[in-house]
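Okay, so subunit A shows up in both of these, paired with subunit B first and subunit C after.
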Partner chain A sequence: MATFSFVQPSTTDEALAALRLGEPGETMIVAGGTDVLFGLEGRRIPLKRVVSLRHLPWKTLSWAGESLRIGSTLPLRTLERDPDLRRRIPGLWQAVRAVGSVALRHRATLGGNLVRSSPASDLIPILLALDSEVDIIGMEGERSLPVDQFVRASRTTALGSGELIRSVAIPEARASAFLWQRVRPANDISQVGVAVAYSPSRKGWRIAVGGVVPRPVLLPQAERLLSGPFPGAAELRAAAQEASMRVPFATDRRATEEYRRQLVATLLQRAVRAAGSHPSSPGVP
Partner chain B sequence: MTASPARLTVNAVPVDLTPVPVDERLLDTVRWRLGLKGTKDGCRTGDCGACTVLIDGRSVLSCLTLTHEFAGASVTTVEGLEGDPTAARVRAAFEMEGALQCGYCTPGFVVALTSLLKELGAEASAEELTEDLGGNLCRCTGYTAIVRAVRRVHEEMP
Partner chain C sequence: MTFTVRPDADAKLRGQVAFATDLSVPGMLWGALVPAPVARGRIRSIDLGPARAIDGAVAIGPADLARWLPSAIGDAERPVFPTDRIQYHSQPLAAVAAPTRELARRAARAVRVDVEPLPPIEEIEGFDPAHPGPDHPEVIAHVLARHGDLDAAFGSADFVLSETYRTAGVCQVALEPHACIAEIRGEVWHVTTSTQTPFGTREDLASMLGLPEERIVVEGTWVGGGFGGKGAPLVEPYALLLARASDRPVCLALSYREEFQLGRTSLPSIVRIESAVKGGRITGRRAHWRLDAGASLPGRDFTTGYAIGFILGPYRIPAIEMEGYAFRTNKPPLGPHRAPMAPQCVFAEESHMDHLAARLGVDPVAFRRSHVWKEGDRTHLGQKVGPFGLDRCLERAGALAATWRKDAAPNTGVAMGVGFWSTVTGAGGEARLVLSPTELKIIEGEREIGSGSVIRGIVAVAETVLGISRDRVRVDYHDTRSAPFDSGVFGSRTLAALGQAVQKAALVLRDELGKRLSVPADSVRLTEENGELVAVSGRHRALIRSLLTETELAAGGLTSEGRHYGTSGEIDTARIVEGTFYPYTDFTGAAHVAMVKVDPETGAVRVMRYAAFQDAGKIVDLPTAQGSIEGGVAMGLGTALTEETTWAEDGHLSNAGLLDYRIPTLGEIPPIEVHFEEGFSGAGPYGAKGLGEPPIIPVPATVGNAIFAASGAAMTEIPMTPERVARALKLL
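Up next, the complex of A and B:
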């Protein structure tokens, strides 16, 4: 039987203080708690305390003009049910819906998903395609990092030991889509996920792919092959071909490298068409 | 720090958490400590939905929940939905459509669908309800009768 203590800070200062208790490795930080609780048994370093972020006032969601800021501990189901999300950032809505089940999304959080940093994350590709930034708070102050610099590999991020993600900032609403392929459609992990978003300010596409080792990636070479918001069939095929050659896929128990390369080519074309035909797309009255 | 009261309310009955080990899962607290065997132990990894309960009205997987994390909260198990009119309609629809064989997954479906109906209300389509039950697995029925039961509940929504 484990004998750790349960710490439930209700302010940011209390949370940052709790992270400094004890020796490295003794503390487990829990946001939604849907993943890390599996690690309670068989730990190399005995667990001394669990710090739950559930009581922090970070379950926020705020639109400011075209931008959206999402609190790191907001349950994904609350984000999914935001009345504007589906219309304004359809790709993010689709990606959130792809995570686990409703009961899981009542607990799971964006901050937890980012720190878990799974190569198969359904959220990281769309956050990349939306040029999202991670807002980090620590004893030394606050800093922001693009998701592209935050995520490094499975369970490995740029987050320091005394730091927490406070929120995620999405700079602008974008016509977007997230498509995935799985062995089973419900409650499974994606073999490949493709996120695309058209930036009205940059006048260009962002394309990101998950199901990739060691982490989801942006594909700038494929992005540059798409000339405008409504690319033709030839451009789409060229971008799909480029993406399928470029991505460092691997073979694992979910899919072979070859299958993933075929999937990404197909899903990329479908995703760009889906994003381009969405009512919120640029040019659609 | 939040001085969490070391108690929990389960089906409107206060439960003292003092004797509950800090690493005990809510699933084990309700099944073995409180004897509420309607909540089923399926996978213990959050994949099957058989252990679904409500915490403060929202469906959660009790196998992924440490009991002490929700000190002060209100838990409702399938037993606690006995007098609930929405749950009564869900149970009746499952019965009318024969939407179960071994019955092990049924309490999870009843809790999850009741919670969805309350959360989404009249705006929910039958397709959305069905899709949102994707976290509940059934190994007997092939889901056909369960989907029929969902449609029946949806058609009979007040």
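Up next, the complex of A and C:
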């Protein structure tokens, strides 16, 4: 086993200072720690230190009216159990529950999932569909980026070397849904994930798809084919058709491109119908 | 039912049981293997120099063997290291040992291997198996048997249904990878290892190393699941040679990635099955089977000749032909997995049965019952069928399926599959019991491997014979020097075969106690009083202590021995055209029922309910028996739905890890009902039949038939992943 130092900052300043220690590539940043073993495998630069974010005061969750801010190190299990989440943003609740197992969700965090930036992430599609923003803090100050600009490819994001994600902001509650398909349903990497959300302020749908290389994508062309909160069967079929043609799917060891196209068409229609019929939907009194 | 806790459960749940990967001895080195970088090729050179330059490291290659082995050749078929040709990816070309695991791995990476790569030979179809070309794999086993007038059956049939099935290889996925600690103690080469077969491992090591058996001692450890993967040596020869070369104990434990690549996953196969049907009856059946044996281990004849016996099903069919080929390819040596190849053969045969019934428009249960073997029938090889409870299991399973069908929601299907197996193999063994004033010891070479067959099965036999309480019986594990010989824990034989040896030894003890008490032996029971064992017969009571001689007390107790060497049934050799087939030695049947829901737009399958009806002869320990059935079904659901070895074009296993090799989680396991059918007695103690392998056999077929019932998709390939179901549904 590699020998390394373990740094546990308890304030933001300490955390940012810890990131500047040593040479680039020597430090691993850990939030929940669920990806650490993968990070230890096949390293080119020997690991010198692990900086744990667990003692930072970032395990927060706050609603302000219709908007929600989630601290980056909040365990997903805590988010999942928030009494309002399921009712107000059902798609996010479904996506959180799709991540790993209960045991894993007690450790895993939203910030960690974003930085891992997996093409098959179950969280990134719904964050895209909710127009979420990533709040970043660094020595230079704070900035915020839409998730769409933040994620780039697997393990590649817009995060600078001295920066950390402090929180994720979701601007409004939306009728929403997240559906996935896997070989092994209870615990697996999704072959395809489809997130949809209806924005009451923009009066339109957001559709995002995961299981796509290099990263999950929003599908504005498909979104535009849905005219209102309750699209008819023909509109849904058209949007599904557009999505299945548009998404740059590829064949890999989890699914063929052909199967992914079939899945996305089916899951998209189901997700929009599910979101529209949910008690939080704008059409339900 | 009283809930009973297995004697090993507490320690295992607390993590107090040491598996082979947990062991260490002072001063030991860590071993590592140097893997072949290609699946096929010629070795130009192997330079161990850079590894030996690492402080404290030793390295051995093919050139070093002659220094320590009397005959450097050993077993030509299983060379410790290849000298010329690489046969499979990651084949050990050399081995190293160093003071830490990291150093050992660094030393292994430092070895310079120069090879000339050749294209791996992988395809087992697309050519005439009787005449493979130079780019085709070599035939390493061929079996062919015929009976009856096949031409007449197929010529006069109302219809013929011909289908081709494909089955993937599956991994055993034990809790711990293969691991051992080797030590040279004077003349004795000693290895402590995770094995199902201490004596078989000793024999194989002697053959591979060219050493006499008495110079090798094998000591078993607790095994976190064998499932066939730990029946033959794997890491032991390398660890022993490294210990010899370094003069230090050496621990060699595979990583889990190596375990997947080298751990003898099961054999992919292709089955063609054809049935001739006339007047609603099957009048003729042909099965043709191709098996990818990888680089192959001895035993492929057995796998081919034994498993193909399942391919025609347990049914009366007047004219039959079965032919099997095993090919040597550039995969690692593939091996047995719980009920070797039976779930795969039965998947083809039992799916075919439901497809035939659908074509005929008849009830699949009635269709099976009108053909199924009963006691006194002859098998396809002419062997007489013994007590066989399959028809009764079918009847009960059919009734349950009819009930479930009434509850079936849309897109939900209920169906069944059957399987049969043969337990109490011809292999043999001996048992030694020692009755002390306070406990009964069963001296054993084999450790409990997780099924409960040792720690509960054979213990329950002793309990039954002697009326002794379970907490007064202890299994005492010895190494191969002092344990009585036994073939091993495999083939569902432990309770049924070794149990007979224990039963005999226990009866000898009881006879002796009867004599010493001057009462009829069968009236003697053992109870306890103030921590002492007491022999009781009617009004007679005596402390065991008072019944033993001074010599016996000094020796630790009264010793008795029992032996069981199995006898095989006979097959009609006139039916064999070529190759070796094996008779069954005991017949056990099972009928399973599944309710599954199929998503008609994605092909996703959920198993909602499951029930197993098992012909068990006689249950000697109910919780263990139930656990075995539940575990077998759970494991079979993996074979059915998610588990598959996938091989890259360059011949390496591309999903060597638990991320992409998917065993079922509890979330995929539905409620499992277990029903036993007793009364069709087996050869085991009190009529017991082995239950280790039978429960996995019908599962893939049962699930496939339920998918067919739910959606009309006729599945012909396992695992039945959502994408394969989607293709069968013509969604793609």
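Here is the rule we go by: the second predicted complex is superposed on the first by the 282 of 285 C-alpha atoms of A that agree within 3 Å, B and C clash if a C-alpha of one lies under 4 Å from a C-alpha of the other, contacts with A are read in each partner's own complex, and residues count from 1 in each chain.
Everything that follows uses one rule, which is that a residue touches a chain if its C-beta (ideal position, glycine included) is under 8 Å from a C-beta of that chain, and two chains touch if they have at least 3 such contacts.
Quantities reported herein were computed from a predicted structural model and do not represent experimental measurements.
Once both complexes are superposed on subunit A, the partners subunit B and subunit C clash.
Of the two partner chains placed by superposition, only subunit B is touched by A:Leu37; subunit C is not. Put subunit B and subunit C next to each other and count what each touches on subunit A; the higher total goes to B. Of the two partner chains placed by the overlay, neither subunit B nor subunit C lies in contact with A:Ser201.
Looking at the shared chain after the overlay, A:Pro9 reaches subunit B, while subunit C stays out of its contact range.
With both structures placed on the common chain, the touch criterion links A:Gly100 to subunit B but leaves subunit C unconnected. Once chain A of one complex is fitted onto chain A of the other, the partner contacts of A:Ile189 are limited to subunit C, with no touch recorded for subunit B.
With both structures placed on the common chain, the touch criterion links A:Thr156 to neither subunit B nor subunit C. Legend: residue contacts after superposition of the two complexes on their common chain; A:Ser227 is shown touching neither subunit B nor subunit C. Once chain A of one complex is fitted onto chain A of the other, the partner contacts of A:Thr256 are limited to subunit C, with no touch recorded for subunit B.
Comparing the two interfaces of subunit A, the one with subunit B and the one with subunit C have residues 1, 101, 185-187 in common.
Contact residues on subunit A toward subunit B in their complex (touch as defined above): 1-10, 14, 18, 30, 33-34, 37-38, 40, 50, 52, 54-55, 77, 100-104, 106-107, 185-187. If you check the complex, the residues on subunit A that touch subunit C are 1, 101, 181-189, 191, 253-256, 258-259, 262-263, 266-267. Across the complex, subunit A is touched by residues 102, 601-602, 604, 606, 641-642, 646, 654-655, 659-660, 662, 664-668, 721-723, 726, 731-732 of subunit C.
Listing the residues of subunit B that touch subunit A in their complex gives 1-2, 4, 21-23, 45-47, 49, 52, 58-61, 64-66, 68-69, 112, 115-116, 131-137.
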